[in-house]
Every structure is written in structure tokens, then in C-alpha cells.
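Multiple structures are listed underneath, in C-alpha cells.
Heads up, the next two complexes both have subunit A, just with different partners, subunit B and then subunit C.
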Partner chain A sequence: MSGPAIAPSGGRGRAIMDALTPLLVALAAAAVVLMLAGHNPIDVYGLLAVESFGGVKRIAATLSAATPLILTGLATAIAFRAGAFNVGVEGCVFVGGLAAAYVGFTFVGLPAAVLIPFALAASVIVGALWMLLPGVLKARLDVDEVVTTLMLNFIAISLTAYLVNGPLLAPGSANSATPMVDAAARLPKLMPPSTLNAGFLIAIGLLVLYWLWDRGTASGFETRIAGLNARFAIASGIDVPVLIIKMMLLSGAIGGIAGGIHALGSVGRFVSGFSPGYGFTGIAVALLGRGSAVGILLAAILFGALATSGATIQLFSDVPIEIVNVLQGMVMIFAVARFGWIIARRRRAA
Partner chain B sequence: MTEALPDAALPPSRLGARSVTRRFGPVTANDGIDFDAGRGTVHAIVGGNGAGKSTLMRILQGLDRPDEGSVTIDGRPVEFTGPADAFEYGIGMVHQEFMLVPGLTLLENLVLSSEPVDRLGQLDKPRALEAARLLERQAGVVLDWDMTVDDAPVHVRQIVEILRLLYRGADVLILDEPTAVLAPAQVRELVVLLRTLRDEGRTIIFISHKLAEVMDVADDITVIRNGRKVASLPARDASKQKLAEMMIGEVLVQPSARAGETGPAIVDIKGLTARDAAGNERLMELDLTIHAGEIVGIAGVAGNGQDELASAITGLGDVRAGTIHLGGADVTGLSLAERRARGLSYLSPDRAAEGLCLVAPIRENAIAGHHRWPAFCTSGVLKRRAIARHVDELLDRYRVKRGSSDLPAGSLSGGNQQRVAVARELDGNPSFLLACQPTRGVDIHGIAFIHQCLLDFRDRGGAILVISEELEELIALSDRIVVLYGGRKSGEVARSSAEIETIGRLMLGGSA
Partner chain C sequence: MIDNVIHAAIVMTTPLLLAALGGLVNRVGGIVNIGLDSMMLAGALTGLIVSAASGSWPAALLAAAAIGALLGLLMSLAVTRLDANEIIVGLGFTIAGAGLVRFFLKSAYGNAGTLNLPDVARLPEIVIPGIADIPVLGAIFSGHDPLTWAAWIMVPLTAWFLRRTRAGLRLRAAGAAPQAARALGLKPLTLRDASTVYAGAMSGLAGAYLSIGVVGIFNEGITAGRGFIALAAFYFGRNHPWPTALGALLFGFFDAFQIRMQGRGVPAELVQMLPYAMVIVVLTMMAVATRRSRAKGTA
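== the complex of A and B ==
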């Protein structure tokens, strides 16, 4: 078994080229689609760039959209590092988001300095527990985690939908939503009126911790080795099953906090259909970013930019938003094509 | 082009090479290689790992093309478009990993892809069997053709592989390290088979680094080193010592026995019964003691319990009964990490999949498992500089030829990869080394170096258990050799009386 987003140190130039290739191929392929649809690709790409990065406000919007993707990308990358192909971060976003929202609207009256950590801790714990079962099944019984985590996504989405339609439905509300969280539970905005909030700083902080962990700790080293070659790690005396469980829990915890930050920072409550696939885009982010901290940040910003510019581009041009979706889909396909290749290789090795 | 008159004493060339040169980037794998394999001869090509044997073989069978020079058939230069094209010229290859289809019978495998069929399109078994019997008679062997491949012993599969090529019309057979998987008696059978085929006028190219076999089977020998031909000579003019000198360019010193006394028991195994991954008992009631300052060798045909013995000692396998003591303490129920902490070192037989992590940097490979030692790690944080310094010093000591320790281990040659693994496993004064196939796929020069490392470790008071398929290696290293057959100890020979013939008999279940 060999890891996916795990470029071994050395050969940095090649690693950058490898990472850029799916993006460039996707841009080229989307250019063909644009031309067929009668648009000038250069104009469209220029417009996208301006809408994403042209000015402080637009950059803030892009970073705000990138925040959950940094976290889900990081959550996915950590599991990948250990050789676990966790595709269940989406489910963690749902259960973590609901847990944070629940604390946020239930414990009204606590000061922000207590309530925010409390709510985020709830999302972390619930997210981690959500990954306990697939982690243990993989480590102890060699049950394929791709299947279990994928299935758990559907359970998470349906379970939270049930809860916000029943027990946790806001009184007097017809929507499938919880009550709004207490004002003290809202993450502070960094540049009002932009939605960019303190969650972005938490995400960056976690990325830095990840970078330090990966680069300089015994645990990071063991995880990387286990992901690259589990048999070698075992023969070296590393307890790979326990390591896989730990990393799955950590992955779930980060997925949970992604949901918590989204609930407390952007939405202000939990609603049905809470995440537009942040967990799945996180897989593309982790793959495109090759599991490196900087790579994850850049890939998350790219997808964040596509999300924000897509919404406004049709206001200023005759390019429909679907074209932006096509572009986003293509980047994802070319990034994930690698994922398919990794899975195929893993099956062969097994 | 003027053709030299053929030497009357030599049979005409059937397959040959003229100034074959092949470069891969800055590496010249084959540099102007010439040789001629005469019709009706066995021509051995010998050389260490990385000498260029594999590249030459790929070119001879049409898998690769030379940058300069050419392959010759019957003395004329030809250009193969691919292996199928080479086969059209009668050249067939017997691979190291046999290419038979599991689940089918030997007969079905023999005729596969050009099978005789009846009017309904079904395999015409009588006609296929007739062809098989004819080949049997030509080759001087007898096979049970209804056996499935899965039930056939490895040497039978190899014979089927050879007959399959004959069935399809090949008259030049290329055999790549054909004896690597065989027991001594089976090697002799193969040698007889190859001689029979040669006497019928077929041409055999025999690639090996085992000099005793080469001397035994070959009519002519071509030695290559560093991509260049050193010499082609008739086998009658060669000797093992002479060939070894040509292969490495210098004289090897044979490892010497230790004269001194052995110390206390380091490993004590009692009544060990162990199962393989599928749950079958493969090792039965084995007693084995290894003392400080002693090398014990385990001989046996592959699959007679060696793997289960190794995995019982590491703690990775399934122990059914019995106990294992290491340094006086019972470790039977402990994990590999706990056993390593008590002085166990383990050199894996599978360097690429278990002994090293080829995609990780050399430095990480050299430190893995030792990275939490206080010298390299404080409260979970690695001391990167101390590690780098230690690894560079360690790898220099083991003369690992490398560009930078940051490069992936996969960038090293096989011999240097194994040196990294040996360096790591002998680092930090273990009390016991379990060395499985310690020189598999290592060239003759690297073998001598690794053997010396093991002997030095023993002379410092270390205990070693060597499990190897190379009898010569076991004889060269071991103070005692224990032979396994059918999962039981079939005999034990002391170094002074160790002879290949005796051990070979024990390996096949006979008595000493």
C-alpha cells in the first residue's frame, strides 16, 4: 500500500509540477467546453480571477469559502497519511455541525470565552466518535474503510435531518432547522461585513500544527511510514492498527470542527442540507494539495475561489454559473483520477 | 560488411549480440557487448547484480532495443519489434515468476494459446496428450498431466514452462536464474533436462550468478561486469575462482569460522508449533537454541516451515504451542516492538515490501524503529540534526553508495538497499539477529560485505539465526546448520561436517 497525497521529501520541483498538472489539464479541458459554448476562455478565466482576488472584499469572501475546505482537506489528508482512505469527512461535518449548534442554542447565557470552546469541543468529540467504528473495523478486522465511511455519510446526513425535523426543530419554524445559536456562540467576524471569521484563523492554526507534526514528531514520522508501507512499519515495531484508529479519530475530530466552525461562523445554526459537499471537496483538496500543509491551503483557496466567483460571474457576463461548475468538476475529476489510481494499485497490492 | 570465417572448432552461432549498447540516461547498462551462443550448446551469462544481465536478456527476447549494435540470429543482424517477433525466430523465455495459469491442468497450460480442438471447439485431449508425451520423451521427463498447476511442485511448473516453449516451436530457450527456487536434487534434474535438450540441437541461454551451477551445466560462459563483457570462454577453461574474480575484478576472501567458545543461550525455543496465514500448521514441535557468539543456519526447501519459524520469532505469526525465550525472558506473548526492546533485530527476506520503505528517504529507512531512542527524540519531537548525523555516519560505515540520504531508498541499487537494512538492524547493539535471506538479490561483492558484517557481529558476541535458500551461504556462515523438512527438524550438521550433499538429502526428507 502506498500513500496518495504523500510526496516524500525531496524532488520538490517535481512535486509542484505533479500537483499543478491536474489543474492545468482541467483548465485546458474546460477551455474547450467554453469555446464550444461560444465563450472566450481567456476572458472567462480573467473574470474569474478578478471576481475571486480583485480587492480586499473579494479576497475575504474567497478565504471565507475556503475555510471549511481547509479543514475537510486536512481531515482527509491526515487519514490518508496513515493509509486510511477516509471518505467520511462529510458525515463528520454534519454531526459536528449539529453538536456545536446544539451547545450554542442550549447553553445560552454563558460568556463567549466559555461557550465557543465548549461548542467546538462538542463538535470535535462527536466528529471523532463518528469515525471510531470504521477506524476499529479497519484496524482490527480489515474492513474496507472506503465502504464504511461512505455509508456513514448517508447515515449522518439522514440522522441529522431527522433530528432537525423532530426533536431539535426550532419552535414555530417550518424549515428543517435548529434555533439560532446564542450571539455569544457566534465566531467573531474578522472584517465585517464579510463572513470571514475567526474560524479561518483556527483552520490556519491547525494547518501549522499539522505541518509541525508531520515534519518533526515521532508520531508524524510513524504515520507517514505506516501509510507508505504498512508491512515495513509493522516490522519496525510500529503498532499500525492502533495508529490507524488514532488517525481516524483525529480525522473525524477535524471534520467535526469543520462542521462546528461552519455552524458557529457562517450559518448560525444547523439546517438540513447543512454542507454543500465540503467533505467530498475536501478529498479533492487533499489530493490536489498532496497532503502537504501548503498544498492543502492553496487547493482550498482554489476551490473557495471557484465557489465565490461562480456566484457573481453571471451577474457581470453572459457566462452561466453552470460553466463554473463544469470547471470545478473538471479540477475535481483530474485530482480524483489519482485517487482511483491509488485505489487500483492498493487492490493489486492486497 | 565482411563476415569473418567461422572457427571450425565452434558450432555456428544461433543467437548472439554484436556491440550491443543500451543507455538509460547517464547509466550505460550494456556497453558494446558481444557474444555468440552456438547451436546445440548451453551458454551461461554470469555477472553480479547490476552488471547488465537483465538488460541484455530484455534485448535478446525483443522486450527492449539496443541503442547501438544488434542481436544476431544465425549470424545475421535482426531487429525485433517485440517478444512475439523474437518468438517467430524461435526464441522463448522462461521467466523467474512462472507464467502458468492457476486452476488449469498442466496439459491445458502446455497447449494454451495453440490448443488442438475437436469439431465442437473443445480441447482435443487425446491429441494434446499425444503431443505432451512426445515432448516428455524428447526431454526425458515424466509428468502427471492431469495435475492442476496449484498442486504441482515448483520444479514441475518450471519443466512445464520449458516444455510449453518447445510445444510452441522455440529452439532457443532463455532461462533467467532458473535454480533460485529449486532444491539441490531438483537442480540436478533441471541440469539433466537442459543437457538433453542441448543434445537435440537446441540452444540454451542460462543466466545465473551461482557459479557452481554454471560450471556444471554450461558449455560456454560469458562474464559481464558493469555493463561490459569481461570474457567469453569455454567452461572447461574456467574455474569458480576464476569466474568470481572476473565478476568482481578482485579475489574474494572466504569467511572464516570462529574458533572461540560460544556464550550463554540467547534464544531458546521449546516445542514450537506454528501456523501460516491460512491456518495450516507448518512448523511442528521445534526445539532450537542459539547462543551468544554463534550463527545457526536454517536450511530447507522453501515452504518447509522456515517462514513460520521466522514469523513466530518476530511475533508477527500465529504460534499454536511452545515457548520462545529471548535473553532469559519468555517473549512468546509479546509484540514485535517489545521483542525489539529486548534485543531482537529482524532482517526481512522481502526487502522491497517489508525490509525497507522504498519511496521514503534513505535516512528514514535507516532510522525507522530506532527513531524513539533518547538520542534521536525528546518527548515525541525528533532531533533532526542528531538523526542526520548518526545516519550519515552509520551508512558511511556500511559503505552505502548514495547521492544524498534525502533520496528515496528505491534510488539505490539492490545491494546498497540491503546494506541500509543490515546497517539499521545491526545498529544499537542488539543481542540477537534473525537474518532471513540476508543476501537475496545482492551481487557477489555485496554478499561478501554483508557476510563479513554478520561474522563481525557474531564475533562481538551476537547470536544470529540465518534462514537462507542459498546452501553455500549457510555453509559459509553457520556454526551449525539445522535442516527443516515438512515442518520438523530433519537433521543438524556441524560446520566441520557440512557438505552440500548431506544437507541436500536432509532437505528432501532423507537421513544424514
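== the complex of A and C ==
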């Protein structure tokens, strides 16, 4: 994969190398898998690069696939920053996606300028509410948020599957899906016929806000302190429990809008099995991007590229698309294996 | 009818119980193992392949336990030696493991997702004469395979191991107070590795139970998230073997119930939510109880 080949000297160079190492180790490990299966890894990786970035159309497809990952990566990073180990963004994508789709097919007749914000607001609110329980339980009762958010993922997947199989099933439809949303609820496409849509711009906008918040606001600074050392933060007069609840709600809201954008921008409705693990990939994105806005963008584009090109290379060569999952899982493992920016905090907090 | 339900519930409990007991020991040793499901999946596939190739179910179980143990070792080394976060590593194993299994199926067998091999040696049923025909009792005690019996025998054994044996006490020390354990000359990291290897082996067996015990084929969705339900079981049981077994039995009953109720008006999806919801309730109740006892202590 093409990355910045020459790292600038000094602290920044080291940071870039730190971020690139897990990727390189994962690529090497996946190369072994490819070789064992009788493929030439260099050819496969070359093909992946060409299929993801070779031409305007392919770049558009890559950015389209990166859109939900930017958002889930951001949602995860915000919770991590506050010291909340939220692995429940996947569930938010499901409930947020269903909420947006529901508004989109129910309030037919509203103009796009009203319907789209309405539907996205629904996904934001439902996503945030989905994280209310684990946020409050962690902040007030010290209940392990890893377990509660992990469990809530499965609950969200089953609950939405129930809703689209029963109460919200499209009339006359045999498969588990809601009706299509109104045309006015569809996010405008940026470069038709590519699926790249206005959701990408929303994701970039939120990423910029995150960067500004992190760098230039008292709240961003307090969150960073609370995540690094909760006891110090409390001693400094920061209300850490309230901060954790706020950041969990924000994380859920962004996870929810990831689902809403996926529903209104790409799928056009909610179907069971709505998200192919965007929330979990978001964890890999946040870790690989090391919590920085630019890092999250690059990591999301990388995983978006793998997702789109993986599908193509399966068509044109006999390399199974699952090599993408193998890479993704290994990136997660190696991203924390070498340098744990979140573990160190968790240890210290414990 | 009742006999059928009891029998099916016990069948669906076995994989949960095996993996949950493994995860429990792992948790007592200090590692929350989120990768149980990937180890089950690997065990299910390996068990089926070895069973078909060798025609011997004990060999298949051995191979499944071995592949699970190997994955457990890799996972543990990442956590204990490379200082990686166990939750992220566990999720990474889940994603990479599912990917590897499908990659392997497509590469080696050229099919997408399902593997149906000839001459698979299935787990035998142990029919107990005399009891087999008695209603209820027959369904509980007769007609089950050796792995189910082994899983239930492991419940008191695990309790005894953790309470009464030197190794069990050391493992608990490694989990609860690694620094103190190290000061006593123990090797907490090695003990942790051993517990993760054990959890992997048990999960591998759980997976093989699904492939060569229950269905006789392999499918990429064969575990259906049961590794995570096993996690729910030992959280539900608060790391005690008997309550964990009760949780596994309860969730196994839900599983059997939901399979039977499919297409009969009872929404299976809502039943599937129950184990996960119950864990959140139990954790909340525990936290409230802790808070109350703490409040009493200071008053």
C-alpha cells in the first residue's frame, strides 16, 4: 500500500513510523498466508493498490467505502480519548441506520432539505441513547463498559433484525428489509454513478470539528487529561463521570450517524445484516490512526480501499476476499501489540 | 415434547459450557478472552477435517483442542509478552480468525462457507439401559455423547481445581494480584499463558462438538456467536463454576427454544437477545450490591 515512504526527521517521523509499523507487520503476516495459498503477495498487493487508487472512479469508490469507517473510527476514538473503552459502535450503526431509514420511508412528501436533516437527527439521537446505559453504568456504578457495550452490539443486531422481520418489514417483501426510503431522503451523490455521496462531506466535516475540539478547546483538553489519568483529572476539578457520560453519548451519536449515512447514502433502506462490521473496523481505524484526525482519515481510506479492491480482486483473480479480514484483524492485534496508547491509560486508571 | 426440549437444551448447553469453563479459568488467571469464538470456529473446522480423514472421533477432538490451544497460546503471547490489550487482541482474533477460516475453505476446498465431507466420524451416543425409557430422566441422562458428560464433569473439577489445588491457587493469585504473585516467586505471565492455552483447548472442543457432534458438517456461521454467549455465561456466573454452568444451561435452553420456535410466531431474534441482556442486568446488580455494602461500611 502506498504510504508516506520517507518519514520526516524528529518526533513526527517517529510517530509516523509507530503508526506504520503495525500495518507493515500485518501486511507481512498476510503475505505469508497468501504465499501458503500459492499467491504472489507482491502481485496481490499491487493489484489491490491499482484497484483502489488507479483512476478517479476507483478513488471515488474507495472514499465511498471509507465514509462509514471515518465515522465509526471517530466515534471509537472519542470514547477512547475520554478513557471509556467503547466497543459498542457497531450496535449504534445498526440502531442509527434503522432510525434514519424509518424516518426516510415514513415521512414521505417532505422536501429533501427537511427530510434529510430529520432522518440524520433521528440516527444521532437513537445512537446516542443506545450508549446512554453503558455510559451511565460506567460513570456512576463503575460497571465494565467493555462488557456492556460488547453485549449491546449483539442486542442491537438481534433487535433490529426482529424489527425488520416483523413490524417494519416492507409489505410484500420476503427478505428482512424495510421499504426503500423516499427519494428526497437519499443523500445527494457527489460523482454519479459512483456511490460517493454527501455523507463523505459530513464525515470530513465532523473530522475537522474533532481536530479543532481536540486542539483548541478546553473541553478537548479536559477529555484528554481525563483519559490519560482519571485521578489527576478529578483532583484538578474535572467532573470525570459527567465527562465520560457526555463522551459516550457523543460516541454513540457519531456511531448512529454512521448508520444513518449508510442507510440514506448507500443502501437506501435498512436490511438485516446492515453493517459488515463497520463498528469493529472503526476500532482498528481508531487504533491505527492513533486517535488523531488525520490518522483516522488515512486509516479509514486504507480499510475502505481494502474493502472495495478486495471485492474486485476476487472477481479477477482467485484470491479470496477474506484476505481483507485477515489483514484487518492483524492490524488490530499489531496496533496494540507494539505500542498501546490506550492500554497504558487503562492500566494506570486501574 | 418435554423430553425433546430437555434433550435439545442439554445438547445446546455443551458447547457453551465447554467454552465458558475455559474462559472462566482464563478470566480467573487475569485475561478476559474475547477470542473464544474464533477458537471455537477453528476447532469446528479442524475437528471435521480430522474426523473425516482419520475416521476417529477421539483424534478429531484431540486435533480440535490442539488448534484451539495453539490460537490461545498466540493470543496469550500477544497479551502477556507484547503488552497488547486483551480486548483488542480478542476482537482482532475474531475478525482475522473468521477471515482465515473462509480464506482456507475457498483456497483448499474451493467452496464458500460450507464444508461437507464424506465419512465423518460423529460423536457416539451413550444410551443408558433402564434409564433411557423413563420420561424426563431418560432425556437428561441418556443419549448424550462423551463430550457432554466430560463438560459436566469438568464443572466440579474446575471448582475443585481453583479452590483446592496448588496450581489453582497460584492461578488465582496471578489473576488477582500479579505483583504479589511475582514477589512470591511465581511467574504470573506463564500462569496466564497456561490458562489461555486451556481456554483455547476447551473452545476448540466446543467447536468440534458443533461440527462432529451436532450437525456433521462445517459452516462458516456454525458458532453463531456462541463464543460470546460463553463469555456471557461466565460473566453471569461471576467466575464461579456452578453458577456459570447454570448460566450456560439457561442460555442453552434459550438456544434450543429459539431454534424450535423459528417460524412459529415467537420471534427468535428477541430470544437471542436474552443472554446478552441478562449479563448487563447481572453486572448492574453486582455493582449496586458492591456500592450498598461499601456505603454500609462507611456509615
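One rule holds in what follows: the second predicted complex is superposed on the first by the 318 of 350 C-alpha atoms of A that agree within 3 Å, B and C clash if a C-alpha of one lies under 4 Å from a C-alpha of the other, contacts with A are read in each partner's own complex, and residues count from 1 in each chain.
Note that in this section a residue touches a chain if its C-beta (ideal position, glycine included) is under 8 Å from a C-beta of that chain, and two chains touch if they have at least 3 such contacts.
All figures in this text were calculated on a predicted structure; none of them were measured in a lab.
Of the two partner chains, subunit C is the only one touched by A:Asn325; subunit B is not.
Touch criterion not met for A:Met180: it reaches neither subunit B nor subunit C. Legend: residue contacts after superposition of the two complexes on their common chain; A:Asp144 is shown touching subunit C, with no touch to subunit B.
By the touch criterion defined above, A:Ala198 reaches neither subunit B nor subunit C.
By the touch criterion stated above, A:Phe280 is placed in contact with subunit C alone, subunit B being left untouched.
The larger set of touched subunit A residues comes from C, when the choice is between subunit B and subunit C. Applying the stated contact rule after C-alpha superposition, one finds that A:Ser236 touches subunit B and leaves subunit C untouched. Residue contacts after overlaying the shared chain place A:Arg224 against subunit B, while subunit C stays out of touching range. When both complexes are aligned on chain A by C-alpha atoms, no subunit A residue touches subunit B in the first and subunit C in the second. Residues 314, 316, 335-337, 340-341, 346, 348, 350, 353-361, 364, 368-369, 371-372, 377, 380-382, 384, 404, 406-408 of subunit B are the ones touching subunit A in the complex. Contact residues of subunit A toward subunit B in the complex are 2, 8-10, 216-219, 221-222, 224-225, 228-229, 231-239.
Subunit C makes touch with subunit A in their complex at residues 32, 34, 78, 82-85, 87-89, 91-100, 102-103, 106-107, 225, 228, 231-232, 235, 267, 269-270, 272-273, 276-277, 279-280, 283-284, 287-288, 291.
Subunit A makes touch with subunit C in their complex at residues 33, 37-38, 85, 87, 133, 137, 141-144, 146-148, 150-152, 154-155, 158-159, 161-162, 165-166, 277, 280, 283-284, 287, 320, 322-326, 328-333, 335-338, 340, 342-343, 346.
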